[in-house]
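You will see two complexes here that share chain A, one where it goes with chain B and one where it goes with chain C.
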Partner chain A sequence: MKKKYSGIEKKLSRWGWYFVTPSLIFFMLFSFYPIINAAYISLFRKKILSLKAPDFLGLGNYKYLLSSSDFWNSMRATFVFTLGTFIPLVIVSLLLAVLIMGRNKGKKFLQLAYYSPAVLSSVVAAVIWMMIFDPRGIANQWLNFLVNTPGVDHLWLAKSFMVQFSTMLVYFWKYIGYFVVIFIAGLASIPHSLYEAAKIDGAVPRQIFWRITLPLLKPTVLLVSIMAMLQCLKTFGTQYLFVQAGSPQAPINVITLNIYNTGIRDHLLGRASAMSIILFVIMLFFTWLQFKTSKADDVDY
Partner chain B sequence: MKKIIPILLTLIFLALPLFAAGQPEEEGSITITFWTHEDPNRTALEERYIKEFEAANPDVTIERVTNSSKKMPELLLTAFAANEGPHIFNTQIEDGYAYIANGRVAPVNLKAAGYSSTSDLKNAYVDGVLNAVTEGGDVYGLPLELTNWAPYVNKRVFRDAGLDPEKDYPKTWEDIVAVSEKMVLRKGDIITRRGFDFRFPYYLVSMVPMVEQLGGKLVSDDGKTAIINDKAWLTFLEFMADWGPNGKNLGSPTYKNGRKLFNMDNNDMGMCLSGLYQIGRIRADNKEFYDSGDWMVIPFPQFENAVEDVASAYYGHYYMVNNQKSSREQEVAWEFISYMLSHSEEYLSEVGLIQPTKALMSSETFKNIPYGDVFANDLAKGHMVYYAENSAKIQELMKEAVEGVLLSGIAPEKALASLKVKAQEVLDQQ
Partner chain C sequence: MSLLQEKTENKSVFSFMWLLSTLILLAALIFTIIPLIFMFTASAMPSKDILKMPYRWVPRGFHWQNYFKAIAGNDGNYMFFRNIINSVIVACSVTVSTVLLAGITGYGLAKFRFRGRNIVFLAIMATMMIPFEAIMIPLYLVATNLHLQNSYGGLIFPFLVNAFGVFMMRQFLITFPDEFLDATRIDGAGEIRIFFNIVLPNIKPAIATLAILTFRTQWDNLIWPLLIAQSEKMKTVPLYIVKFAAEKYTDEGAMMAVAFLASIPMLILFFSMSNYFVSGASVYSSRKG
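Here is the complex of A and B:
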């Protein structure tokens, strides 16, 4: 039976709508409408400069993509990058957060230091790292010093494997601090009394981490893993700049880069839209899968 | 219902700006937007032309906006996609052709540009240079510059490597390898001085001619078949594989652009490929080096077993006018373009840009420009770069093939097979 609102409740609900409306409009204009529009355009042979009405292809763009080796290479590049980046990101950021929380001094400084790369744009980060990865840059110098291989060019931006690894390294460096801060917020919300009780019961730090911290941090782990995965699937700036700087494209031709090239360079907006819809579905699916497999509801302390 | 009305009203109010559109003004003052790529030497000239043009036409304001040449194609495309392109723009013909093919640019307004007829216009320019911008008998652009590339030589680096630049300068690609091997300096595998640097991102301009020297072609004459003459392509790809870090290790696209290092004369770049405009940039960047005479320009090399005498392809930057602007604005835009292009001798002497009119090519200014003869001779042996709606994609496929053999150690045969299939697919979809 429909609940009837009256008095203060009615007023509150009206004000709720007023506050939510701007963000709803923003979402509809800049997120929902582009998605619907892209889905629509993906059904046409739409060229970006053409003023003529585009031909209707139905699922033609999707059929083409599913039989295109270039598209499947992009899928491979995207998944290699995502797996190679988001798993270390989640694990290392969790460990760093626990380490930072365990310190008595310098907590704020470490948070700030780890977080600082996150405020840089991807473009600036990639430019900095391009200088580091330059054959005469410090990446070669440091690695050669560490492994005692003077004068070896490790071809950071050139070899197929190395250029993939380099993009992962840039992304990892850029976002690790961001996720550390989220984990720290999650850790801070776990009641201290639980740790005290565990210590009184004789639990060692390893047991405390596995039996108390990690289970109670499950919602944060889920949030971080979804955010990290979605960020990785959407990666673009680093790969784009590396290719512009002369790196081979095929190893790092992630879906977003392929979308950009297909739409902007090749002018094929319909095909680029089809690719973006496929990426959207993939992201939706993995987000759903993570929710489903984690079974993480609210945690009671 | 009461709730819906204010929400709907708010939505309509917020959406109003989306539908706002100015009426084109047919009378009164107008503003012409002019997008072009960055070139400090040219900026000084064109800012002056703008002032002069505005003084002569008080109701006209010209807004000149510059962006890097790499960014410009993307910015133009997105602006035109939103039907918000500038009045005037220039872009390389490989990118610009799509604007003509899709009817986004207006034909040259002959009266405003100062010509009595299309044939009068074509007669003013060197034969063939307007072909790329001619469709259905109309001309859609006027060249800001026609550029080909030739190697610039740093004589000091040659002498430092024990070479005599006047005698030992390279005539063939095999010579380029030989002198580069003498000039290259390394710390281990890491190159600290290169003998020569290719213009890596621009494969259609500098590398397709190398294939053509060997008898190959990018696209058949009828435009239906891609990658002609496997043997020529294979020889070229083997040459490039040998050049890279897996071969003789003489350079790669991941090192800094040679033409940027060349001007600084820091003993790290022996030769680089560039256009006539590089002379003005050497003068601007390093006056001492420019005045020293320790640099020179040599003809585009040939392969020893070349079957065709082909020099670097040339590309044109053409001024074009947005077809979606009002007729008055288009007319003023062509008047302004015509005014700028009436200073072609100044463009040549101050910026090093060749605006290929017959008058300029036979002028004393052109004859007196240093190394103008080298570029002119090469120009006669070259052809317009491959341009089509798919040229950017074809260039990307060439990049993939060349960098595959150069950097990733892919066998030339495999890279060629992949290039053939993919390039043919692009042509078939056209």
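Here is the complex of A and C:
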């Protein structure tokens, strides 16, 4: 009897391997191999379409990047974009989620309405906002109305500061509803009884938010923050399209755009790979941070 | 949970809070919806009306020429149809393969004990940390060497399955009843048949959620097609829009018509299956276990 049982178990364990093998092979070929290959290429001066064997540079590409003002400008652009986007995203989406949960009617409608921009592709989002930011477009009309400066062109797509702000606004617009939905799911998982108990104890809404909702929501807040941050670090579409349509490149030359231009337009594959590896290491750090914080802060209801 | 509606002792504070919350929610609603309304109304106006001050929100009549221009393209070669078919082919292939591969891998990880299972799971999860932007240059080199530029294979292969899909399917299948599987095994069903006939039909919500997520990501994909599809015929919709925007920045009406046309498939999906969009987003906040 025992022998037969272990026979079935053996058979099943073999099937387990059969089922995971196709994906495992895929990830070997399309994730692990390329990242190792990127690290390898980053040590060479490699040009595409060049028949010469690539020169070995050691850490030459990295040394070049660390002393290149263009690279540091990209780091600056990426981090300015990331900080300027993910912090408002997390705060505003949390606020909206809490306000929506406080409603009796229209919860579903508001969630879906806020979520709707996330449905569009990032290229479409960028194109719509390009029209809105046109010198004669509604962004100028409305801002001039609000701050009472008739006829002023705020150069949304031209001035260094404004074009950075514009890319953040597009991203904020596109993803706000997405994070509202995540927060609402997190809020809904907090047991109702805790609120009841707090009310019986005479807590007012403000106290309930700071003492109960926020501490219990901390894991979700951390998770969402790091997720939003990782997303922002990879931003590409809006910046690419704005530059294509004539915006100045330097203020919004984020790292992905720089990798694309260096590798594909200038054919400097070694240097582009070195930048990819730096991006990878930065993202690895934040992912590690995410695991560390989410382990330490797991809350049980 | 109606925090703000609860009667508090101070009645005026309550109504003030209620008013404030209404105003904030309304402002956010206007902010999210206005650009969408703008896209649609502007797509029906002649260009000279779009950039008129103040903007007229109700178009006078429907300016169909925008849509003709959008579809015909600048060269008048109607590449839009070809490009939209490309997008559909790529997005559908990737979706089907992701659902199948993520499903079977998640099933293997959730319901079978085998040596090395945890290592396999961790290895797959580890790939989530590798951003596509970091591996696109080596992938581009491989694709060039294999002459996969301007081919469906080149557009599809790097996305056949993804770690998030495997993770989602595994989480979903962990709670799948073992007795159910054992009963069908005793009836003599083969493992592959069990997966297709018993497991897949019973996890439709997870499949729908993952399918929508995958389709959307592919419909939105810009950077990889930008590298791999240079010929007009193999471009996808985002590339068509980029080309249109770069060449025809001045024809605002046609621009908005393209944007709207490109969004129709996603809008239809969204309005008919909004629950699955929402559940796709909230997978993240319930990822314990």
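In this section, the second predicted complex is superposed on the first by the 259 of 301 C-alpha atoms of A that agree within 3 Å, B and C clash if a C-alpha of one lies under 4 Å from a C-alpha of the other, contacts with A are read in each partner's own complex, and residues count from 1 in each chain.
The rule is simple: a residue touches a chain if its C-beta (ideal position, glycine included) is under 8 Å from a C-beta of that chain, and two chains touch if they have at least 3 such contacts.
Bear in mind that the values here come from a model prediction, so they are computed numbers and not experimental data.
Participant: Quick check on the superposed pair: does A:Ser31 touch chain B, chain C, both, or neither? Answer first, second, both or neither.
Facilitator: Touch partner of A:Ser31: chain C, not chain B.
Participant: Is A:Gln207 in contact with chain B, with chain C, with both, or with neither (first, second, both, neither)?
Facilitator: Touch status of A:Gln207: no partner.
Participant: For A:Phe19 in the superposed arrangement: first (chain B), second (chain C), both or neither?
Facilitator: A:Phe19 contacts chain C only, not chain B.
Participant: Have a look at where A:Phe280 lands relative to chain B and chain C in the superposition and call it first, second, both or neither.
Facilitator: second
Participant: Go through the superposed model and pick first if A:Lys234 touches only chain B, second if only chain C, both, or neither.
Facilitator: second
Participant: On the A-aligned overlay, A:Ser247 touches which partner chain: chain B = first, chain C = second, or both, or neither?
Facilitator: So A:Ser247 only meets chain B here.
Participant: Considering only touches as defined above, state whether A:Ser160 meets chain B (first), chain C (second), both or neither.
Facilitator: In the superposition, A:Ser160 contacts chain B only.
Participant: Looking only at chain A, is it chain B or chain C that touches more of its residues?
Facilitator: Tallying touched residues of chain A, the top partner is C.
Participant: Would you sort A:Arg136 into first (chain B), second (chain C), both or neither based on which partner it touches?
Facilitator: The answer is both, since A:Arg136 touches chain B and chain C.
Participant: In the superposed arrangement, what residues of chain A touch both chain B and chain C?
Facilitator: On chain A, the overlap between the chain B and chain C contacts is residues 14, 17, 48, 134, 136, 244-246, 264, 269.
Participant: Going by the contact rule set out above, which residues of chain C touch chain A in the complex?
Facilitator: The contact residues of chain C facing chain A are 1-6, 8, 17, 21, 24-25, 28-29, 31-36, 38-39, 42, 50-55, 101-102, 104-105, 107-109, 111-115, 117, 120, 123-124, 127-142, 144, 157-158, 160-161, 163, 166, 191, 195, 216, 219-220, 222-223, 226-227, 237-238, 241-242, 245-246, 249, 252, 255-256, 258-259, 262-263, 266-267, 269-270, 274, 277-278, 281-282, 284-288.
Participant: Could you please specify the touching residues of chain A with respect to chain B in the complex?
Facilitator: 14, 17, 21, 25, 47-51, 70, 134-136, 140, 144, 150-153, 155, 157-160, 244-251, 261, 264-267, 269
Participant: Inside the complex, what are the residues of chain B that reach chain A?
Facilitator: These residues of chain B touch chain A: 3, 7, 10-11, 14, 70, 74, 77-78, 80-81, 98-99, 102-104, 186-192, 200-201, 245, 252-256, 389-390, 392-393, 396, 399-400, 403-404, 407-408, 422.
Participant: Note which residues of chain A are touching chain C in the complex, please.
Facilitator: Touching chain C from chain A are residues 9, 12-20, 22-24, 26-27, 30-35, 37-38, 41, 48, 92, 95-96, 98-104, 110-125, 127-132, 134, 136-138, 141, 173, 176-178, 181-187, 189, 192, 195, 199, 204-205, 208-209, 220, 223-224, 227, 230, 233-234, 236-237, 240-241, 244-246, 256, 259-260, 263-264, 269, 272-273, 276-277, 279-280, 283-284, 287, 298.
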